[in-house]
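Before I ask anything, let me first share the structure, which is written out below as structure tokens.
Chain nomenclature is as follows: A, B, C, D, E and F, assigned in order of appearance, with residue numbering initiated at 1 for each chain independently.
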Amino acid sequence: MRLDYAFWPDVEDYLKKDDRILIPTGSVEQHGPAVATGIDYIIAEAVAERAAERLGVYVAPPLCYGMSLHHAAFPGTASLKPSAYLHLLTDLFGFFVREGFKRVVAVNGHGGNVPTLKAAAAEVAYEHDGTHILIQNWYDPPEVAQRIEEAFGAKEGSHVTPAEVSILMYLRPELVGDVTRVKPTEPGLIKWQAGRRDIRDYYPQGAVGSDPSMASAELGKELLGLAVDGVAKAAADL
Amino acid sequence: MRLDYAFWPDVEDYLKKDDRILIPTGSVEQHGPAVATGIDYIIAEAVAERAAERLGVYVAPPLCYGMSLHHAAFPGTASLKPSAYLHLLTDLFGFFVREGFKRVVAVNGHGGNVPTLKAAAAEVAYEHDGTHILIQNWYDPPEVAQRIEEAFGAKEGSHVTPAEVSILMYLRPELVGDVTRVKPTEPGLIKWQAGRRDIRDYYPQGAVGSDPSMASAELGKELLGLAVDGVAKAAADL
Amino acid sequence: MRLDYAFWPDVEDYLKKDDRILIPTGSVEQHGPAVATGIDYIIAEAVAERAAERLGVYVAPPLCYGMSLHHAAFPGTASLKPSAYLHLLTDLFGFFVREGFKRVVAVNGHGGNVPTLKAAAAEVAYEHDGTHILIQNWYDPPEVAQRIEEAFGAKEGSHVTPAEVSILMYLRPELVGDVTRVKPTEPGLIKWQAGRRDIRDYYPQGAVGSDPSMASAELGKELLGLAVDGVAKAAADL
Amino acid sequence: MRLDYAFWPDVEDYLKKDDRILIPTGSVEQHGPAVATGIDYIIAEAVAERAAERLGVYVAPPLCYGMSLHHAAFPGTASLKPSAYLHLLTDLFGFFVREGFKRVVAVNGHGGNVPTLKAAAAEVAYEHDGTHILIQNWYDPPEVAQRIEEAFGAKEGSHVTPAEVSILMYLRPELVGDVTRVKPTEPGLIKWQAGRRDIRDYYPQGAVGSDPSMASAELGKELLGLAVDGVAKAAADL
Amino acid sequence: MRLDYAFWPDVEDYLKKDDRILIPTGSVEQHGPAVATGIDYIIAEAVAERAAERLGVYVAPPLCYGMSLHHAAFPGTASLKPSAYLHLLTDLFGFFVREGFKRVVAVNGHGGNVPTLKAAAAEVAYEHDGTHILIQNWYDPPEVAQRIEEAFGAKEGSHVTPAEVSILMYLRPELVGDVTRVKPTEPGLIKWQAGRRDIRDYYPQGAVGSDPSMASAELGKELLGLAVDGVAKAAADL
Amino acid sequence: MRLDYAFWPDVEDYLKKDDRILIPTGSVEQHGPAVATGIDYIIAEAVAERAAERLGVYVAPPLCYGMSLHHAAFPGTASLKPSAYLHLLTDLFGFFVREGFKRVVAVNGHGGNVPTLKAAAAEVAYEHDGTHILIQNWYDPPEVAQRIEEAFGAKEGSHVTPAEVSILMYLRPELVGDVTRVKPTEPGLIKWQAGRRDIRDYYPQGAVGSDPSMASAELGKELLGLAVDGVAKAAADL
């Protein structure tokens, strides 16, 4: 059910009976010294594909780049500014809506994207009345959040979290290095909007408030399953 | 400590020893049949003024208009689109930062503003390294959130909440009508980004998931005090 | 008749019989060493409120910030760039027009805003045919201009003028300091578009071509009355 | 002294000793049933060329299109929206300033351009400190204004004025038809920002408050001379 | 058939029977030490005027400035950035289309404009379905390209080409200096997008891969005729 | 050598010795009734990955969406408008350049992207002097173009070409259906900028001037190899 793997007459048929589309959104940003920079979009894409398959709806190819300006001091980060990201999102969501996909679900894997995603959704929903746009982080469904809390508690942190690392270990083990050498860090040192130097100054390795060494592929498999359940349910209820 | 009540030589002196400024942000949007549309900026301004006074820092005049597109179906709402609001915020925050106010606190009274405020803060913090921008909702400090939970629990809801109505009753009783005729509503009926018809269809009076009839001026006084404490503490720690 | 003090059903009723709204526009910018930076929006708001009351039309909360880049060298100024201000104005005017307020009067208190206000009005009037947008400076009605000429002649100047200071003395005496220590200045020294250093270089105190020491609260009361008459008349004729 | 007729090494030499450039700005818009739509830029270009020649400074090719949205109901008008015109002007003025022309004079022939020209000048002057940008209408120097008042008084009006028609008669007689068939019109019928239908409804021929039949080539020659004197003087004083 | 020389009632009549307009687009940019900077728009305008005359369609006044950032290191260049040029073009083309000129031909004389022209055409064609926009370089019709190949072969190069210089020699001999002192240059030294220093570093005189000394007015006359034929044919087929 | 598979310290090391990055750009657009909509970015990504591997440089994750407005009438197309695409590209290229990747190669697989890509490259190269940005279509290196000409001649056409279909057959055979049922079409029916209805009206199946039935996986393998050679060479010479 990948839109990019479809032939156009199939999409024409689909739009006669459904109007939903899932779009994975992620980031290319540092995730510490032992985790691939693309983790956020890779997980979002995996969750969205599986949820789409279950529902029989299309999933579009991912928006790999997102809003990661606060990680700019770490090489390997590739970020859009919010003003450009907002333009991209309102333009693309608007195109989908005008051309028949009136219910759009952004399956998101990166917290830094959320403000701009929500801003874009509000603008498109106003300009195209009757549209439903859902910004759905894979880690927000209650069952997912609860399992993460149970497994990692406060060690989950907010960046390079053991939950996301677990899923990547399950999906693409070759993209995770030796996370036991990543030192656990304290959360909450930065209260304001982090600028480019902040995270590198406070968290020199790049993990924020998390202990990625707790990650395991087994837990990743379980969390991925729960995320797919949660996202599929949300898209079904849209 | 209002910037707009100051003479410029006083501001010049201030910038030699401090670089903080508080900016109230709110909205002009329907708040049900018995509460003034300006409530969000009025509370934000009141909290910001008191916190500024306590800290001896300047408070700028409010940005009264915010992101309220989802309330557009109710007359009396006056909203900016996120793209315009983002432009306004990055421009104004950028001006403050360039001209010496390197630490900016948006004291916010409207949830719909948060995504765009955060997006703007990220952009300005990247473009002007070393800047600290804090998006501080008056209802987010732990003591405030806890007292609200205690007083209203799930009846707090998300729009026309008894907490905000209480504060307005205390601050400007003439701007609150007979809230006992506002019927309590259920939360969570709309899961997606609400468009202009959504709220009016699901919540015809305009309150969302809340019971504003629980509001009281006495509670408002207490909540305002807690909010000022919390915001002042956050700005002191910036 | 403040829109921000209204309950939404009242606005719904109003729009069945009228479609006018007044919006005060001003600035936050240096006004010399003894006058508050917010004077322009404070006067615009006062004039707009009184004119609205007389006509029975709504007045929206003020756009406090305007185009004051030429005063940026003086701390206390907080300016938007014209490109951002134009975006804000076309967006907000457009919202009002789309949502039923088809006749919009910007009651303006700051000369630096006029170009962008006019540009915005032209754009919105083209995009929403049948709309009437009026940019009305409070000092432009003939009776006002004449009384100012009579009272101050060439000493009125163009910034920190005795006319505006008079009105502020009447409205908010605590926002005016000892204006007798402001030295009268010569007009017309800067012929080009003033940049940030120009005014401070040519007019170190900040007043431009004016003698604010001629101001009096009594004259302020009279001028305010004439301004309200003039603006109310213009809005009635719209 | 046309920039577009120069070879680049000459411009390189020029910039070692001068940094001024004149840019004619006009419009393509209806000017009634007997006057060419391009009149505004044609006059601006003629004035700018002559003034540049006298001063030995460069004149750039004209920006023929301007802000004429209010004339859109008349075919033959070709207008930019203020937002696009502002973008064009800040971009082009900014290029000139960055590349060495630090003093820019817009020699303007169209009133509808003035707001956006001033807005652009303010933005560029802020972003490039030390720059002088002058918005100079050819009809504003005192000697010109006085001669127009003397010759036409209130019959000058504000669109398709006998002054501009006179100059075009002198410069390009073939671009003026039988103006005696244009009926004089009353000024001031439209007080708000005119939308696309307004002028055509109130002024069906297209002239606004003027009596173009008073125009003569002889007066045009005189007015052109005075305009060149005035613009050259302003550019010399910049 | 100049739109800027027409009276509006004639344009109104025209639009009842035709909906085409030609717009010359060029540049103001260095063309080596002996050719005028305005050559590109001057040729585009000449071709467009003659083609319009032949077809009996309107030609609008030229957009003299284009995208010449890569020539910025040479004084005399005056360029728009692509983002501003795109805004200008979508705005102006959109205006023409909305106001009745549903078939627009940009008669272009500058290669650097082509990307932005095509981008603008795509955007306007999408937003106004049924519109035909043609980006027509004067040197692209097969007969023109063939004659250039025949006359100059590889010596044509890509900037300050003998073909364009020939046409300018024929049209405006006073705008061409002693091109025999321009040394022939090698093509293809710069493979990437040229920045401001690139061309000046690789091609210090400013000609790129061409031998302008091969130009002649006689050839120019012939090439101009072929260009007019080709453009007129393209506009006839639109 | 995928940037999104790297750990940040590796990128930091890389930037000490190299500053190149390859970015695949493609589209999601109809490619006739038997070819996947994502073909353009899939090929671009495959070519870029192999070229990057050979050179030892990083390849960023693809920009899957591009400029496909002219295919909007066919469901399955997902396009950005040029204005949004330009904003995205200047923003992302600018980020790469500012953060150390001073030589950027867009490995492009979609003709409709080229204008906006070139426009973006020009803007970024001007704003960040010394940057080299190369827009490299995989089908443009001489050896590739020659082999395509040899294999398909005029049957290559311009959309759903046998060359691209061949490569997809080799790379992802499951994404190509029965191309023998796609009827060969004539080239050149649309001379202007195609709008949303044009291609569907003139080319109801979606292929433009091509005969995709000539495609073969074997030829695809050969063409892919040539494309990788050509792109790697171009990036090596940058």
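Quick note on the criterion: contacts are C-beta pairs under 8 Å (C-beta built on N, C-alpha and C of every residue); 3 or more make two chains touch, one makes a residue touch a chain.
From a predicted model like this one, the values you see are computed outputs, not experimental measurements.
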Distance-maximising chain from subunit F - centres being C-alpha averages: C
Chain whose mean Cα position lies farthest from subunit A: D
Chain copies touching (subunit B, subunit C) - same or different residues, decided at half shared: same
Chain pair among A-F, A-B or B-C whose interface repeats that of E-F, sharing over half of the contact pairs by residue number: A-B
Separation of subunit B from subunit F, taking each centre as the mean of its C-alpha atoms, in whole Å: 46
Whole-Å separation of chain centres (CA-atom averages), subunit D against subunit E: 26
Whole-Å separation of chain centres (CA-atom averages), subunit C against subunit D: 28
Shared interface positions of subunit B, touching two or more other chains: 72, 81, 83, 87, 90
Chain-level touch network, classified as line, ring, star, complete or other: ring
Chains listed in ring sequence, where subunit B comes first and subunit C follows it: B, C, D, E, F, A
Complex interface listing, subunit B residues touching subunit A: 67, 69-70, 72, 81-83, 86-87, 90, 103, 112, 114-123, 125-126, 128-135, 191-197, 234, 237-238
Sites on subunit D touched by subunit E in the complex: 2-12, 14-15, 28, 30-38, 41-42, 60-65, 72, 74-81, 83-84, 87-88, 90-92, 95-96, 99-100, 174-175, 177, 206
